[in-house]
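Letters A, B, C and D name the chains as they come in the text, with residue numbers starting at 1 for each one.
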C-alpha cells in the first residue's frame, strides 16, 4: 500500500531503469545514431514466395530465429497444448503475418533494434508502420518508457443503507494486511498494491489493484479478488444485500475516461524528435504540415467525443496482439491514448504517444502457442522478465504508426496508399 | 440525400425486412420454439483430437462444410492471394478456433440456427458464449435487427477566416449532386447518402456518409472522399490554407460518444426475453439477480467514464472478427454499445444489446483468405448480399455473451469459470 | 423537415446575415478598426461611490440608459410581475453587477460596440474579461456568428418488444405533418423543424427539434412535445408499456458529448486574429506563449475527460446569464465548447471559440424582471428579434475571457491577479 | 500525504461524524419521523404581498431571522464591502428568491429541519423542490453525508525530453515536505494533502490537492500552488521549457469524467427510502413508475454522452448558489453526479444522489454579501465550521429535486407543471 507520492516515486525509479537514472538520462540526452543498416529488410508489396524467403533469411541472420510454425514448416498437432486457451476447438485460423523493422527503441528495458511481427489482413498497414519505423531509426530511435503498472478488479457491494455500508467499510479498512496475505497465498505472482473505495449511495466499490509480474494478469486478479471477497463475506460484521466480483468499474474490455489518471496494465510514454530532413525525405511532408494536421485533427477528435486523442493505435496494436498471443479484445482499452506532435524551436518535429492501458503479458494467455511464442521470441520478449520490455516496444510501434499516418494525411497520400496497398486485384 | 425522418423511414423499412413488416412483426410476436436439437455440438473442455473430430463431423452434418484450411488438411501456398492484405509477409499466425452454437436468430436477414466460429486464446470465452446461446435458443431465439447503415469520412478544411469558409461552404452546398456523381464514378459499390457540415472557428469539417454494400467500406469511402476532395480543391472559388482528408472526426478506429446518435458501419439492436426457468436452469441464477447486477454494474460503468454501458462486447466480437477476416482493429469502435437487462412483469428477464458501430463486411478485406472464408461460409455469410445478415449474427452473439457474463457475475461463478477454463495446467 | 444539407444551407445563409453574404464576407475580410475611444469606461478596482457614479454617467452618455432598478433608485414593489418566475417568494437576492466593454462585435446580427453587464461575486472576473475585450477591440473587433438554432425534447417510448416498436414507429413516420400542425396550434412561436428516432432494444426515443423564436424555449418545447405525445398516445395503433416526455437524452441541464454534432439552443462560432503588438502590449505575453499554453492545456483537458476543450466559459456566461435573466442552470450545457489558439504565418495569434449549446432568450423567462430587462436593454437585446444578436455577444464575451485567462496563465500572472483582485481585505 | 487506504479511512471517519460512528449508524438504522409540522410554510403560486409577509413571519418564528436586505428593508450602501468581489461595479442585479422547506437532513454535520433559499426566475422550480422535500420529510428525512474533501491545482511543466523530465520529477519527489511548509506559510487555512504526477511525453502535470477549510478554496489553492511553483522554478536542478500554473487538468469550471474517481471540493452522497404510500400520496405516482423512469432515462442519458447520470442537479444547485454567494460558475462541475432509484423488496422506492464535485464555502467569496449572508444564516451555515454542513444540505436539496422531477416525468405531470407555473400571464 503506498501513497500517491510513493506511487510516483516508483514510477520515477522506473524511468531510471530501476537503478541507473543517470545513465538513462544521459542516453536520452545523447542519443546516438544506430549503425546504418548494411542491409534492409527485403520489403515488397506483391507477396511472393521469393520475397518471403528473402525476408526469412534476413530474419534468421538478424535474430537467429527460424520460425518453423509461422512458416508452416512445423505442423501443430499436440492439441493438449491448447487447454486453457479455448473450448469447442475445431482448428486454427490463419492470419497473414509480416515484419516491421528494425524498430529502434531506447527504453528502460527495451534497447536496440527490434523486428516486430504484425498479423493482419489490412493492406497498407505494415507499409505505413515500416515507414514510421524507418524515420524513427534515422532519428536515433524512439525513447519509450514503461512508467507504472497495475491491474484492477472492482467488486461492488450493495447495502440496505449507508449505515451498514459504513460499518462494513470500517471493517474492510482494518483488514488490508489480511487481503495482502490472501493474495500471496492465492497466486505466486500477484501482489496487492493498492485498494481504493468509492461510495455512491448504498453502493460500495472496492478497487483492488495488483502487480501481476509478466502476465497480463486479468485472470490472476479475478482469482485473487475472489479469494479476498470470499474472506470478506465470511468475516464481515455486516452482510451486503448483493455483491458482485466486478462492478463494471475497472475498465476491463472498454475504453474509459479514467485511463489518464490511473493505469490499467502498463502505462507507457514514448517520444521522438525528427529533424526536418527526416520528415521531408522519409515522411514526404514537412514538420509544419504534420504539426498543423495534429492540431486540427485533435480538435476534430475532441468534437467526436472520443476518449483521449490519437489516430490509429488500434491498427498497430491489434496486429501485434494477434501475432503475439495477447488478449486481443483488450484493444478496446489498450488503444486509448494521447498523441502529440509539435514544431520545435529549430523547426524539427517533436512527437509523443502515451498509452495508459497496455494490457500485455509475456507469460500465460496465448503467449506459448506455437506461432505466438515464435513471434515473441523474435523480439526476445518471451517468458519471465520481458513484459515491460514488450510494453516499451508497443509504445515505439504505435508512435511509428502515428507519425506515418499523420504524414500521409498531411501530405495527401492517405487515399493513395489505400488505393495502392489496400485493394485486391 | 435525405432528411432525418426519411433516414428514420429507411431504418424502419429495414426493421420490416424491407418488404414484409407484417411478417416480421408477426414472427417477433409469435416466436416459435425451434426444434429441440436431436444432438448437441460435442462440447468439451480438455482439447483432444477425438473431440475435435466429433465436432468436425457434427459441423459437416449440420452445415455441409469440411473446413479444409481451418483443420490443416489443406495447406495454403498461393501467396499472391495475399496481395492487398499485407506487406512484408513472412508466414501465418495460427489462432485457436472453436465453435459456439447453434445460435438461433430471428432477424430481417439472419433467420435460423447458426454455428459461430470464434478465434481466441482466452480460456472460458467459448464456454461462456455457448451457455448464453443455449439459453437464447431455449427462449425461441434472439430477435436481431440491422437498423441502419453508413460509413463516413470527415475531411477538414482550414481557412484564413470565417469569411472564406462561408464562401467555400456555399459553393460546396451547390455541388452535392456532383459529389454523388463522382462517388458513382469512383466505386461500383459506394453511394453517397448524406453530407453534414461542422464549423468550429475557421475549421470546416464535411462528413460524407456512404452506403458501401457488403464491404466494411473504410477503403472505399477513403477513395471516394479523396476523389470528391480533389474535385473540390480543383474547383472551389476559395482555397483552404490546409485540408486533410480526415479530420479525426469520423470515429475511425476509436470509441466515440457520437456513436449513439448516428451509425458507423451497421447499427444492430438485439433482444430476448428469458423465462425464469431458463435463467434458473441454464444460467444458474435468477432474473432478479441478473437485473440487479445489470443495474448496479451500469452505475459502475457510468462512474468509470466509459462510452455506452456494456460488459464485454469486445470478447465475442474480437474472436468472431479474427475468425472471419474482419478489420479486427475496428473492435475499438465496434465494441461500444448499450446492454440492458430488466425484470418483466411476469418475472422473466428482458435483455437487449445495441451496437451502433459494427464495421463488418462479407466481401473484401480479409474475407476471402483461406480460413476466414471457410468461417464465413459456415454461417452462409460469405460474399455479396450477406453483410446485414452477418451483422445480425454479431448482435445475437454479443447478447449471448452479455447474458452469460451477467449470470456468472450475479451468481458468483465468474472467478470459478476463470479458474476452471482459463488456466494452463 | 429538412435534410442534412438543407440544414447546412440554412446555417450558411445565416453566416451571410440572411441576405447579404457578400457584405458580411467583405466586412470580415476588411475589418476596419473602430474609432478609438475618446473616453474609456472608468474602471477601478476599489469599489467606490464616486467611481460607480462616473461609470453610470459614462453608460448614460454611451447608451442613453439610466438603469434605475440596478442602481437602486427605483424600488421593486409590484410582486405580481414575478408570477411565472418563482414560488414561495420572500425577497430579492442582490448580486454585484459591473460592466465590461466596449466589446466590439462583427456578427450577422450584433454589430458594433457593446457594454456587457456581468453579475458575480468573484473578484478579478470583470478585470480579466475587460482586458480581453480591449485586446479584441484593438484588433478590429470579434467576428461572431450564430450558425444554427434548435431546442429539443426527447420523449421515450418503451414497448414489449421490437415488433410493437416497429408498428408504432411506422405510424409515427406517417404523422409528421400532424405533429407540425399540433405544434403550430400549441404555440405561437414554436415550429417543429426536425424529428430523429433512436432505437435501443425495446426503447424508442423520438427527438423533436423546434425553432423557438427569441425565447430560450425549454418550456415551449415541453408543452409542444406534450401535445404531440398526447396525440400519439390517443391515436397510435399500438400502445407503449411506458412513455416519458423526456428520456434524459436531449441534453437539458447537462454537458453532453452530442453537443458538437448538433445544436442545443444556438450554436455560435467566434474568431479573432490579434497582432503580436496587441498580445504584447495589452495581454502582456507573446503569441508563442499563448499558442503553447493552448496546446499544452488542451492536452491536459483531454486527459481530464472533459467534454470539449475550453478554459472558463462558465465564468463569463454565468455572470452574463444572472444579469440578463437567463436560465442560469443552463450553464451546465452552455459552458461546453471548443477554444482554439494558434500562431499564424506572420506571428499573430488566431483564436476562436465555438459554443454549440447556447440556451438563451430575449423574451420570456427572467428577461422582463426589473434589473434583468435593464441589463438586456443596455445592449439593445431586450425583446423580439434580439436572441441571435444576444448569442453573438455571448460568443464575443467568451472569447475575450479565453484570451485573457490564457494570457494570464502563459505569462504567470494568473495567481497574481487572484491575489490582487480576489481577496477580501 | 496519505495512501489510498488512509484517504479512505478518513472518508470513513467522516461518515462516522468524526467520532461517533455508532451513533450515526444507529441514527440511520432507526430514523425517527420528525415531529409533524403544526404549521406549514405558507406556499402560494400567485406572488402576493400578503403571502410574502406570511412567509416572512413564518420564517421569523422558525429561524429567528428577519432578512432585512433580502426583503428590501435595509438598503445596501457601503460599497467598500464589495471589494474583492467585483470590478467596474454599477449596481445590484435582483434575483427573485423563495424558500423550500423544511428540508429534513440526517448528516454528519447537518441535522434537522432546514429552510433553503433559492434564487431563480424559472417558474415551477421551487414548487417542484418543495414537493420533493415534503416527501423526504415524511420518510424521516434524508441521510446526507459529506464523504471527502479536496481542491486541486494542476501545474504543467514541459521539458525538452523525458530525460529532463525525469531529473526534475526526482527532485520534486524529494521536496514534498518543503511544499507542505510553503503551503502553511502562504495560507492560514490551506493544507497540502496530496500530490499526484501525470506524465504524457515531455509534459509533466503535478496535481496538488489541498484541504481548504470552510472556503470553497479556488483562490487559496491558486495562490499556494503559485508559491510552490515559484519555489520549484527557483530551485529545481533542471528548468522546464515552459510551465503554466494550471494545465487545464484540475476540472476547474468544467464537467470531467475524472469526477467519480476523485473529489473536487466536497463529495456528498445522499439517500432516502420512500414508502409506497408517500410516493402515491405526495409524489402522485408509483414506485414502479419511478424506478422504470430512472432505468429508461439513465439509458437515455448514457446515449447522450453525458458525464454521470442525473436529471437536473443544476436547477436546485444554481438557485441555492446564487442565493448564498457561491461561485455560480462552478455549476459546470458541481452539477455532475449520479442519481439512482430502485424498487426495494417491500415495494418502497430507494433513491440516492452522489455529488463528487461540490465546490462550496461558507466563508470568503460572496458569502458575506448582504443578502447572501442572510440566506446562509437562515440555515445556520454562515462562517467557519459550516461548509460540510452546507454541502450535506446541498445533497439533500438535490435529492428532493430528483425525486420530484422523476415523479412528474413518470406520471405525465411534467408538461402540466411547466404550463401551470412557468408561463407569464
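The rule is short, and it goes like this: a contact is a pair of C-beta atoms (placed from the backbone, for glycine too) under 8 Å apart; a residue touches a chain by one contact, two chains touch by 3 or more.
Protein names from UniProt, one per chain: A, B, C, D = hydroxymethylglutaryl-CoA reductase (NADPH).
Since we're looking at a predicted model, the values are computed, not measured.
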Separation of subunit D from subunit B in steps, with touching chains one step apart: 1
Chain pair showing more contacts of the two, A-C and A-D: A-D
Centre-of-Cα separation between subunit B and subunit A, whole angstrom: 24
Whole-Å gap between the CA centroids of subunit A and subunit D: 39
Per-residue overlap in subunit B, given as positions that touch at least 2 other chains: 198, 200, 203, 256-258, 260-261, 298-299, 303-305, 307, 309, 338, 340
Subunit D-touching residues of subunit B, taken from the complex the two chains share: 257-258, 260-261, 295, 298-299, 302-305, 307-309, 338, 340, 342
In the complex with subunit D, residue positions of subunit A that touch it: 1-6, 8-9, 11-12, 15-16, 21, 24-29, 143, 145, 147, 161-164, 166-167, 169-170, 173, 176, 194-203, 256-258, 260-262, 269-271, 273, 305, 338, 340, 350, 352-354
